[in-house]
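One chain, chain A, links the two complexes that follow: it is found with chain B in the first and with chain C in the second.
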Partner chain A sequence: MSDFLANNGGVFFALLGAAFATFFAGIGSAIGVGKAGIAAAGVLSEDPSKFGKVLIFQLLPATQGIYGLLVAFLIMSNIGIIGDPVEITGLQGLLYFAASLPIAFSGLFSAIHQGNCSVAAIGTVAKKEDQMGKALILPAMVETYAILALLISILAIFGINAM
Partner chain B sequence: MAQTDYTYAVARIRFKETALLSDSDYDILLSASDAQTCIRNLKDKGWGGNAENDSAEDLISFEENNLWSFMTEIVQDKSIFNFILVKNDFHNLKVAIKCVTRDVKPDDMLIQNAVTSPELVFDAVSKREYQRLPEYLSETARYAMSTLLSTSDGQLCDMIVDRMCLSHIFHLKEIYDSDIIKLFCELTVASSDIKIAVRCAKTKKSLDFIKKALVPCDSLNIEKLAQSASSGYDSIIEYLSTTEYKSAVNALNDSMSAFEKWCDDYMTEILKPQKWEPFSIGPVIGYLVAKQNEIKAVRMILSAKINHIDDLLIRERLRKSYV
Partner chain C sequence: MAMLKMKRINIYALIDHCDDILETLQRRGVLEIENVDIEDSVFFKEDTSSIQAQYLKSSKTAQRAREILSEYTKDKKSLLSSFKGRKPLSSSEYEKLVESSNDTLKAAYDIVSYKKNIEQNEAEILKYEAQLDTIRPWLSLDVPMTFSGTASTTAFIGKFQGKKSSADILNSLAEVAPSVEKFDIDIVSSDENQTCVLILCADCDADPLSEALRKIGFEYPSYQSLVIPKQREKEIIRHINNRKGRILENENNIKSLNRYKAPLDFLEDYYVMKAERYAAFDEASVSNNTFIMTGYIAENDAIKLKHYLEEHYDAEVELEDSDTSDTPIKLKNNKFSEPVESVLATYSYPDRREADPTSIMAIFYYIFFGMMFSDAGYGLVMALACGILILKFKNMEPGLKKSMKMFFWCGISTFIWGMLFGSFFGDAVSVISNTYFGVAPPAIPGLVVPIWFNPVTNPMKMLMFSFLLGIIHLFTGLGICAYNNIKHKDYLAVLYDVISWYLLVGGAILALLSLEMMGNIAGFTLPPVFLTIGGIMAGIGAVIILFFSGRESKNPIKRLLKGMYGLYGATGYLSDILSYSRLLALGLATGVIAQVFNQIGSMMGTSVIGVILFCVIFLIGHLLNIGINALGAYVHTNRLQFVEFFGKFYKGGGREFKPFKINTKHITVKEEI
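Take a look at the complex of A and B:
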């Protein structure tokens, strides 16, 4: 085991980071989109003409999963899993792992809460269609924290490259 | 009862809430020249669906059935509504006992929207096969029937059934997780106790009878309420002034229907904040109670129009709007 980690530890931890980013942010998005989808289906069963509007709300929590995927791609391309093979040390691997954590966990929790917020906003649009703009801003605010986490993850990954 | 997510149900309710009658809709209905104009206005607001319901009774019964079929469609576990529907079971039991002992058919006196099939209740009572009824009805049916047969006292029979109904509603309070349902059960029992106490005081019933009629609840001290009722109406008012129902005193002094309006308005005020809950049963219960109040109000308006009763009298009795 110790030989394996000594020879492949860098790739292992970096790949674990890519998996964390995809896995946790993806789970968050799946829960958020799922919840908003249930609420959207409820509104559509009463008024199918609101499909376009409720679809936007349902898609809002989907972005965290995409951010996780983006970070995973960046890590994988930097460690040579995608593209040309690259030698990375155990320390670099651990740093990539650490770089994936902001989007992994911020993605998980922000997507779930954005989903909850989207559900409430769908309720607002169901009652007052003309309040679509205001209702959209509220769940979009949650996105801020996923973007901040994405920014830190990306800056960290590029910073590791430059080391 | 396990916590359930009502996201889908609440989303559908959000849309339905927009179709509830507002204060201005009630004004239009009250200013209508006759019942037919009222019915036309209600149909314009979506009442009656596409069916040909030209009579007031058809329109109201369509809306009642439509409400329950909608409610049972949007939630997976229909037993969540038992705390409201169970009253209809006990009503059906009273109808069955009275009809069986008088050898008459129940016709349309049985309420279809109930926890237990009204046909089963009637059949079990008529064949004296009480064991076919659910536990909460079987013993009540047996006891109420034997009391009626031995005493021929219809009022006593009604009291037994009503008491068991309220006891069962109070028992249901322990089963549900939802605070709003617990509150609804508590208010149902407490308001019934107040009404029973007032009626007993006005008809000068004995303390023993009053104690038997009242059902224990958390917000009232039944012992004190019974003592006050046996002392007279003023003692009830005095006691209520020391409880959380002191705001009901003015309504009680006015009339019993004013008190009933106070109870409905009190519940509506409690339910209003539930409108903003996106995941809990609260908005579903809020809509259900609001729609039932709306049906009650429309029935009142239509009856007033048919019987040429003054609008002012009806306006005083109209419940607060949920929307």
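Take a look at the complex of A and C:
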């Protein structure tokens, strides 16, 4: 068993990392977008003309899922699941797995909280339409941490690649 | 970078000219009216709210009539009609429409009453249809439903719940009233819900039968037709057809007024304009023959307005400089930076005593947006779309036009950055060339190979560049802070609050860059001498901050503690600079997602179907990517401006200049001066 893992584990762990990145960040975004969507639909029932505005708020927590996808794609193309086949060692695989963790978990939680923040911001826009700009900044603050996590994940993947 | 100089204006004029003057002011839209609070033996306030309400009612009627018209006739409305903006009318067109306004208003009332008539008839049809439903089970009855019997018989017409046969009823009756025998049951109709019956009996048995029927659940129907049901049905159908005819007639009447669509739009706006003129008049003080108005006006409009009013209406116009904190702010910027004013406005208008940062912000705004979106193809799409819309719809609303212009410039910047980074719809050119032609594409700079470098393969370089831009952005912010302080002649504050931070942050960066550890990340190291220079600079900066950032406190201990807290603000600079790493992250996101879609598309093979699938995936994928990443770039560019940049110098809190102007939905009036 250990022989098998040592010989073939690299690609498995790397793919597990890719799965984590899409999986957790995707869950976060789905929850966030879902919550914001519910709030947005409520506003629309009163004032359908705000559709464009509330849609933007609903989309804000969608980015984490995309960041997860991005990291997963980078890992998959580096380990040869997409594109030309590459031999990778067990250690490299584990490193890819570790590299996926920042965006997986930062994405999960930041998307949920960004969703909550978007819900509140949608409430702001429903009452004070002209405060759109300010209301937009507040959920964007939460996203910072997803971006930082994405950065670390990407830099780590590029680093492993160069090793 | 400018705020217009504002003047306070007082207008004194004869009340006879009041209407004309207000109309002039409204059309020019250059004056913000302020309430004149003079009430004494001569001057008083006039209450025009009832007149305003009257006009608003007329406007509402016109609007309602217009809605009814679009309900019954087709409106030409394209997908892009929201870009169209209001229709400008020349003075002669305007006069012509005003002349026919009474006729239009009459049409509006006609349309509304036709519609009311239609609604009444529709309600009646519903009522008749309900009657028809109740009468339907009785159609085979050949006597009126109120038929009570012949000379020697009594009739019971009614129903039972559920489906029953005459045997069922006979059995039930036999149980309850065995003595009653002489009667005849005729089932008129029967279904799952109810059984309608006609029961005929001799007069002598009427009372006991009635009692017995009640016991076994016999009910009289809720609606009783006075004539034979068949005949009543015919009557009802005739009534319904009659009502339908009337509805059709009214609908045709409404359709025949189709030509009033444009005049009704005008009328709605015309009465709103009138009402708003009266609302403006409420702000003035009037005497028996004169009135006074006051407000704010930009200096360059003031003289023109003064001449015009004095020449045409014998008015006396007084101008004085206004520099109080209550004076509203009107921004004036060149074509390149003007579009960003709306971004500034979403944060806050500048205070009268600080500089308008729009033009400096605009430069960074376009740069940052371009870096985050960073794809030549996307930039081209965005710039073209905005450019075409601006050219096609000349009357676009000013606010929308500003946004369009802003995204046009953002698109240009995105295009340039995309060429520098070698991204054109991701790696579309290479993918298409490799997949379908089997050869590597020629190294076209910008489209295939980057003009500068590719951030996907060299992210550290991009990260360092992002930080560099961030530091420039932050230092520019500090520079504006210095400019504001110099403007207020607070020269020491420049040293304490600006230069100290330049020294501390700049010195720290120099020192860091000469460390070997940072050299590994940055890819270069400064000579060791910079460690000393940077250290000394940072030290001087830190000392200044420590002793002077709490200078408003008299107590030396308190002052020192405040100084230490000020020094703690250095961590803020660290996080501010790190925040610019989003330039790299979002740029990478755009580029890599674009590549993902290209790759998925190319997996579909080289057959005809494969090519079609590739096109579909390419279109949908890149549209999706444009949408989500343009939103990201917009939001995060705003954030970098609002949080990092404005945090260094911007106070805001100014009041936007809101002139009295034509505030309508469909039309504007061209001002011919």
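Rule of thumb we're sticking to: the second predicted complex is superposed on the first by the 161 of 163 C-alpha atoms of A that agree within 3 Å, B and C clash if a C-alpha of one lies under 4 Å from a C-alpha of the other, contacts with A are read in each partner's own complex, and residues count from 1 in each chain.
Assume a contact is a pair of C-beta atoms (placed from the backbone, for glycine too) under 8 Å apart; a residue touches a chain by one contact, two chains touch by 3 or more.
Everything numeric here is computed off the predicted structure, so don't read it as measured data.
With both complexes placed on chain A, chain A has more residues touched by C than by the other of chain B and chain C. Touch criterion not met for A:S49: it reaches neither chain B nor chain C. By the touch criterion defined above, A:T144 lies against chain C but remains apart from chain B after alignment on the C-alpha atoms of chain A.
Looking at the shared chain after the overlay, A:A39 reaches chain B, while chain C stays out of its contact range.
Applying the stated contact rule after C-alpha superposition, one finds that A:A62 touches chain C and leaves chain B untouched.
Annotation: chain A has no residue touching chain B in one complex and chain C in the other.
Chain A meets chain C in the complex at residues 56, 59-60, 62-63, 66-67, 69-70, 73-74, 77, 82-83, 132-134, 136-137, 140-141, 143-144, 147-148, 150-151, 154-155, 158.
Across the complex, chain A is touched by residues 5, 7-12, 14-18, 74, 276, 278-279 of chain B. Those residues of chain A lying in contact with chain B across their complex are 35, 38-43, 45-47, 116, 119-120, 122-124, 126-127. Residues of chain C touching chain A in their complex: 343, 345-347, 459-460, 463, 578-579, 581-582, 584-586, 588-589, 592-593, 596, 599, 628, 631-632, 635-636, 638-639, 642-643.
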